Amino acid sequence: MRIHELKPKPEEYSYVFGGRAPLLSVKPGDVIEVSTEDCFGGRVKSPSDVPSQVVDFAELNPVSGPIEIEGAEPGDLLAVHFVSIVPARAYGISCTFPLFGALTATHETAMLHEGLEERVWFYDIDLESWTAGFKAQSKDFSLRMPLDPMHGTVGVAPASGEVRLVVTPSTYGGNMDTPEARAGTTLYLPVNVAGAMLSLGDGHARQGEGEVCGTGIESAMNSVIAVDLVKGGASAWPRLESDDFIMTTGSVRPLEDAFRVSQKELVDWASQLTGLDTLDAYQLVSQMGLAPAANVCDPNYTMVAKLPKWTLNEAEAYGGVHKRLRSLAAEYGTLKL
Amino acid sequence: MRIHELKPKPEEYSYVFGGRAPLLSVKPGDVIEVSTEDCFGGRVKSPSDVPSQVVDFAELNPVSGPIEIEGAEPGDLLAVHFVSIVPARAYGISCTFPLFGALTATHETAMLHEGLEERVWFYDIDLESWTAGFKAQSKDFSLRMPLDPMHGTVGVAPASGEVRLVVTPSTYGGNMDTPEARAGTTLYLPVNVAGAMLSLGDGHARQGEGEVCGTGIESAMNSVIAVDLVKGGASAWPRLESDDFIMTTGSVRPLEDAFRVSQKELVDWASQLTGLDTLDAYQLVSQMGLAPAANVCDPNYTMVAKLPKWTLNEAEAYGGVHKRLRSLAAEYGTLKL
Amino acid sequence: MRIHELKPKPEEYSYVFGGRAPLLSVKPGDVIEVSTEDCFGGRVKSPSDVPSQVVDFAELNPVSGPIEIEGAEPGDLLAVHFVSIVPARAYGISCTFPLFGALTATHETAMLHEGLEERVWFYDIDLESWTAGFKAQSKDFSLRMPLDPMHGTVGVAPASGEVRLVVTPSTYGGNMDTPEARAGTTLYLPVNVAGAMLSLGDGHARQGEGEVCGTGIESAMNSVIAVDLVKGGASAWPRLESDDFIMTTGSVRPLEDAFRVSQKELVDWASQLTGLDTLDAYQLVSQMGLAPAANVCDPNYTMVAKLPKWTLNEAEAYGGVHKRLRSLAAEYGTLKL
Amino acid sequence: MRIHELKPKPEEYSYVFGGRAPLLSVKPGDVIEVSTEDCFGGRVKSPSDVPSQVVDFAELNPVSGPIEIEGAEPGDLLAVHFVSIVPARAYGISCTFPLFGALTATHETAMLHEGLEERVWFYDIDLESWTAGFKAQSKDFSLRMPLDPMHGTVGVAPASGEVRLVVTPSTYGGNMDTPEARAGTTLYLPVNVAGAMLSLGDGHARQGEGEVCGTGIESAMNSVIAVDLVKGGASAWPRLESDDFIMTTGSVRPLEDAFRVSQKELVDWASQLTGLDTLDAYQLVSQMGLAPAANVCDPNYTMVAKLPKWTLNEAEAYGGVHKRLRSLAAEYGTLKL
């Protein structure tokens, strides 16, 4: 097993997908230990640091990468398995941000209202109990929330030479902000350029579905990922696989189009895996599918569509790459004990 | 315990909410055994009955009711507890319907495409194994899906003298098509007219989130409900409560507005229950909330927002009416043994 | 020429489409002199009358009617020609209304903002110069705007026994709020019930496209309309015809669906009138069509699609009913001199 | 007067905004004679050339540029005046394109339909009569449409180092596809990078509002533009000015957000020009504004909001730069006679 390490220096973080030289080059089957900054670039250090004042909008969501995957070519599918995602600091941060979030006027849903109050919540993070502590500000109310760490932003270089700010999720992945991107899950990304150029960041100690206020419990992370390639297997949109579900994503506006994309992707995938024709797969998804929101705040909204794997009658996605990566992760775990 | 029975004759079914005389009058705390027809009015009796030919669009989704709840007045909140929902026939039906569903052009999402093929799936329903049998039509592929019976359409008379076709979900409930409306759950509906005038129907033996193809496993039901009143407790939109979650709904178009309504309702409810101010409740919901789609095919789309009850620090909704109705349901169960 | 008069008493105004007995019965080819109240029911009498305090939401937009058109049957198309629309009072009123309008959070586009300030503008209306006087409130700024009177709300009884609040536009017409509904224009409405049951109101001395703040220059009107029937000619959605344009409407949410409906209707109409197939008509509309917003504030948004009649190569809609009604209007004008 | 010429060689066309070295450098007040290719890169040469087969999606809409404007800095506003736009070939082309257009399923509005038939219409363009000839394909039907040439795609380099495919309109301009971008009009674009880096292309001999089928009468153009700078005058979104109207744009999805952005921009601009506060300007726009669709087919939809300049009580935008550019254009015209 080849194990790499990627710990970017402050000036090495990237704020875009595309157009950047790799910080690291790996091979399919390799494991990477990667550290990521929080979405504020670490600049919010206390509850009195007002995010909109200490961070420029274009410097939100620094990502670690790109990582070049040797042999990856346009048309391939990159499998990124999250071996582990562990908060790197003793605190996580959430906030409202002026004109950002699902329940406020925004720059796109333009209205005559002023932005909502900008408020910052500091969570203490306790790895022992695997919880984060919420403390309300309007009254004496606290709660320990279970950790469920994930990466909000994971993507590859876009097609056609585009360079995109990391805050936008799209066909190349990016800031999808789905809680499904947790340890034990494999994310599949279509490759657009030689080397794929994978970057990731925006860890959340946990996040509700929809990322309603615009932020999760933002947290720097120490993560371990394993990568593999499905040659010629490019899907139109990012997909995920856990032990129990195959999952598809759609990241566009409006939300019903994000829903439509994710559902059509799931119908197509189920059809490919089972040999059912489109209408039969449509029926299967209609009765057995789940449809949680991922984010309804980013420049594109993301919906996820999920189908239990047991409904596929033994079919296995991409030649069982998820299972192999799970084994690799287990092996890595054993090594590190 | 007063137990009523409502088994409408064919000509007694209703196709609208509002403007109808009650079929039955009950008191808060009463239990009603109610039979409901399937969404096709029972007219699809074999796979060769083409729904769009045997059922008129305006006669889809017959509902049983209205049931008058004595003492209910505008401004009250009606609590409808689903004691049990059991498929009444040995089969359930799903189909594609021309220009209806999430992945097709529709009368509103108007396009130049012809409608998709109309296909009918007959499921055998086995109460013993509590499963429904899916048989694909394009190849030899079958699957036994677990039953998870629910009512797609439950509502009261609208405000302001409106009379609405049952297929539209809105503030008065209606065709929300959420799988959360299952046995063990309490649905809360704001009362608009004296007596509330509750009707229900559109049973599904099960349904995926989003009701993607436009139909669940449509099934006549033998259901038992218990009703109660929260005087002066009217919410703006229907809400639900299970043993583990409080849930809110939004039924409008576009889907992001359905999402916004459901989330704002959940923030408001959490704020009322905990005493947190709006922004603190927004934060709580943002990190702990779930956001599944209910339907993305009906004249209004429905999103559901869910918050685990344990996060509310012991607060109890509406004076514990859900718990009382659960007890009543248990008592009813004992009676019937 | 048969000329009728409809001047409803205060208690005779209607707030719904459907479910009401006619105030008047007329024949195709008849002319009706009708007076309509403003959208506030005349209750806003000075700039200090705050609309949300003096008018209940369910009593906005009183309409005059219904008018029964003898011989009208489901499947027919009702032609309503606006002979003249003249403001009835020396003032018109516009206002912002809490949580209503295109640039504010609303009950559907639910957000955590408070409503915008409610402000009332009184316009003096001068029929001599055919202008309305705008006076700003934040500084000394005034403007005389040309009158362009129209009816925001014109509709018939809905299908399937529905009864709908007048504020919602839909397939049966209603509160479309398009400035195209001006004198000299014919509005076509599909008939759903025997007698059609036409009602109209919500006059605007003028209105910008989109009715952005939620109100035009609201004005009671003395109007003259002429009606005719196109037997069996029902369209799916309301249409309009002026001397220069055929026009279609779509009234749904989201706005792109209102656009799609209006454009598909125009493609279909152009195809019927010219004999072109769908794709050729699509091409014609794509290069020669106009697409103004009507309202982006009502419960359904309305888009209008317009095609110059000269592009139709002499084809005439509905056997020339618009031209005949124009002649009738001219004849009426001569009579009244 | 300094007059430049930009006639890109085939390999010099650009397919992105941002990240490219300038082909030409000019000063504020300069005039540029620029030739642009049609959206197919000239590859559709006869009705039998099927666009989706002869052109790659990523090579649609080649633009001429970038043109560096000396002295332009982030925060400035670039004024681009269209002196003249003249079709360069004796033909123009329109077509349907698989899964592209307003009345078809697309890659974002994902559905289970197949794409519509791909059909190509060749228009002959006659500069003498200033018309384009439409010939239907389903029957013998032809029409001469008046020319109204415009540029669909005009933009500058995006902010934050983004590089975007030319087909997407956004804050930096791009593929807005509004018929308002015609000769005699000034387009204002916010400057994001030193030199602004202006590119333009996608000429249409004419186009209906909404660009419903996805293409106008696509035409290579010989155009003349004049540029100027408003130092420190950057607006949030592109704006336009003609002799009679100030106009704003919004390019996002969904369509109601494009509408909201354009209307809020117009309210803000009217407020700045007149000194009215926001609500008074909202009122002015609500009664006097126009709201035509630009495109409802591109990756972002574009709405335009228009206000007659006479309503501004003599206020002049940006110190009268439009008037000065009109004079410059007249002077250029005299020179060329």
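In order of appearance the chains are A, B, C and D, and numbering begins at 1 in each one.
In this text, contacts are C-beta pairs under 8 Å (C-beta built on N, C-alpha and C of every residue); 3 or more make two chains touch, one makes a residue touch a chain.
For clarity, every value in this text was computed on a predicted model and none was experimentally measured.
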Path length in steps (a step moves to a chain that is touched) from chain A to chain C: 1
Farthest chain (mean CA position) relative to chain D: B
Gap in Å, rounded to a whole number, between the CA centres of chain C and chain B: 36
Centre-to-centre distance between chain D and chain B (centres being mean Cα positions), rounded to whole Å: 48
Approximate Å spacing (C-alpha centroids) for the pair chain A, chain B: 33
Per-residue overlap in chain C, given as positions that touch at least 2 other chains: 103, 109-112, 116, 253-254, 256, 260, 263-264, 267, 279, 282
Chain D to chain B touching residues, read off their complex: 103-105, 109-114, 116, 254, 256
Chain B residues within the chain C interface of the complex: 15-16, 18-19, 58, 107-112, 159-165, 236, 250, 252-254, 257, 260-261, 263-265, 267, 278-279, 282
Chain A to chain B touching residues, read off their complex: 94, 96, 102-103, 116-117, 119, 121, 134, 136-139, 141, 143, 145, 206-217, 253-256, 259-260, 263-264, 267, 274-277, 279-280, 282-293, 296, 301, 303, 305, 311, 313
